[in-house]
């Protein structure tokens, strides 16, 4: 099967477009999140999305309309995680754990009060990279622009708080604001991208490209660029490999990311051995 | 009338917040080089962090450049070198030049982008501090002494009027340590930068500092090194013999 | 992640089951026969046979996808406290046999509703070789029987009779009434079968394609139709890009104008396929389970199948007689 034929399918084109946009933005956010020890925030916010989607479905708001409930709830939850780390002096993973537990239990309670649904909740919760609509490509592009613009404007501030929060504050960085910007951009990305490509892809794209880039990068900018490159390549290659090998697409993309991570570790070891000898 | 740079009045912070200071009042004027000394756990680091607004203050007040610390925003006038051991994530992927550049953020307003001029400023300072060769290295790959110098460069790159250094020599060997103190003294003398330096190297800092602040949860002494050496309180604290050794090591 | 959410949802289901179970238990302290069923067709058949004489409930909570369902401790208590438990088959509810080992078989009667039906093997997914349905010799599952037996209405009659046997054994006092109800139901099923045979006898197309999991193999066999689905028998696996493309090619080459979508699950993939191939989407209800609204409306199996017939006739461009 040749590449042109694969590309002739509209759903492949849309998957490539929206997939790479989401991959790049998740990978870039991921570098900051991993370094701030908030790697699991993607999973945590996904649980909150589950809870809020349960609310939405109870009010018979499906897919797009459920965002009306999910977005504000998840944005608030992301700020809640931040507040917990600041005020209660909790580590990031504990704060994420608390918020995600609240999200899940809220969903469970609502579901038990409601007594079942008209549809299968899980199937509405997750998108699939192969079923992205034209409108959703536009949503992904819009999200990409917003996140990239804000990351561009706040890049040095983000680098400063990621390096050291106290030092950043003494350099006049409004750390509360920048932290809020970071987690809210993450929340926005998780909620929207979950509907588009599913949570498995999001949480692995938030972590794996970042940790691979950390193995190899020789500067912070290079780290961001490498992560974005891996995210992008994994989606493009994953879609083609899934086509050629008849494997599920999202899982293929995740496996490719793991492969890249393994290769980065190996390469780092090789380079390290060379430079030390 | 000397210009007030730092001042505190009855500064204290509560133990509940993990802080131990009580009733600290002192004034630092322009051009001073203050050595803050005291035993471990005496609150030296906490004191400078309180001045910078990094730990909450429960009583009294502190002022930087005449404005209260909690509302202070002229960060371009301040350079801060924290205790490095608590600081570094060994896998942090930033280069020396990137880290030093962050010191310039205090001079910028939104959006804080760097220019070619900024890069030249950073390079010039790296050259001056003798760490230009390692500017593309990752901060996590450096030795303790090198990291210390990088963080000093970061604190100085905005040409601050007030330099606050928290245990800057902890990771240095004695010889480098001596050179480091000399360098700070030069900066203080030639550029007129006011320096607050936290250390437990009481004897060494005495050679350079114009004033000593002895802290043990409360402020036990504040004045010139000369007075410090002849202070009866200090004699009773250290014993005559140690005080003599401290004051006349060289 | 997905497993975690499954666990969570299962907990939810457990809570729901617990709540409803409790209230019913308190209200109905009567001596009526308590019947628990798994899937909707069994529930509906048992409900009709029972009339007013027995209390029939369904294990699956409304809206839940049935293939990934596993009973929770509360469900097992519900089963063991009932007088009669009806499940489809070990292909549909592989958990049933293990659970039943642990229950007291003296007070609980169990009906394997699929006993004696004619089974179909495997599935004819798109992308598999078109070996024709019914004889997938190389099937991967050890006991890879298609569990959707209720969609062959002659099987449905066998299921009704199996359920009746269970009722009669569990509650002999009301046996005559159960027999009458079952006979009436079988007559309606026979009538439904006749209407399907006639309604689907003269259609422009004999191929129907389905964007969900492999559900309608029995229906296709009985009325001589060609059937392909996007996924295999279990609805859990995610399709590959290649399979999606193969399905699009199949839709185009077969010249159908409609693509069928399954119930309860999100129709995103089906809509994507239909959009790609330029065809329209029609609903085809597999009747595993109902959504909450349909449960409240009290909709029945035969009604669902009548809706399916109407959509099939539209999708296959059949001349109505």
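A, B and C are the chain letters, set down in written order, and residue numbers restart from 1 in every chain.
Quick note on the criterion: a contact is a pair of C-beta atoms (placed from the backbone, for glycine too) under 8 Å apart; a residue touches a chain by one contact, two chains touch by 3 or more.
Everything numeric here is computed off the predicted structure, so don't read it as measured data.
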{"item": "Mutual neighbours - chains that touch subunit B and subunit C alike", "value": "A"}
{"item": "Chain closest to the middle [Cα centroid of all protein chains]", "value": "A"}
{"item": "Selected interface, A-B versus A-C, where C-beta contact pairs are more numerous", "value": "A-C"}
{"item": "Geometric centre distance via CA averages, subunit C-subunit B, whole Å", "value": "74"}
{"item": "Whole-Å separation of chain centres (CA-atom averages), subunit A against subunit C", "value": "37"}
{"item": "Gap in Å, rounded to a whole number, between the CA centres of subunit B and subunit A", "value": "40"}
{"item": "Footprint of subunit A on subunit B - complex, ascending", "value": "49, 52-54, 73, 75-76, 78, 80, 82, 87, 89, 91-95, 98-99, 101-103, 105-106, 108, 110-114, 136, 138, 154"}
{"item": "In the complex, subunit A residues that touch subunit B", "value": "35, 152-157, 159-160, 163-164, 166-173, 213-214, 217-223"}
{"item": "Residues of subunit A defined as touching subunit C within the complex", "value": "6, 9-12, 15, 43, 46, 50, 63, 104, 107-108, 111-112, 114-128, 130-133, 199-200, 203, 239, 242-252"}
{"item": "Residue numbers on subunit C that touch subunit A, as the complex places them", "value": "1-2, 5-6, 8-9, 11-12, 15-16, 19-20, 61-65, 127, 237-245, 248, 264-266, 268-269, 271-273, 275-276, 291-295"}
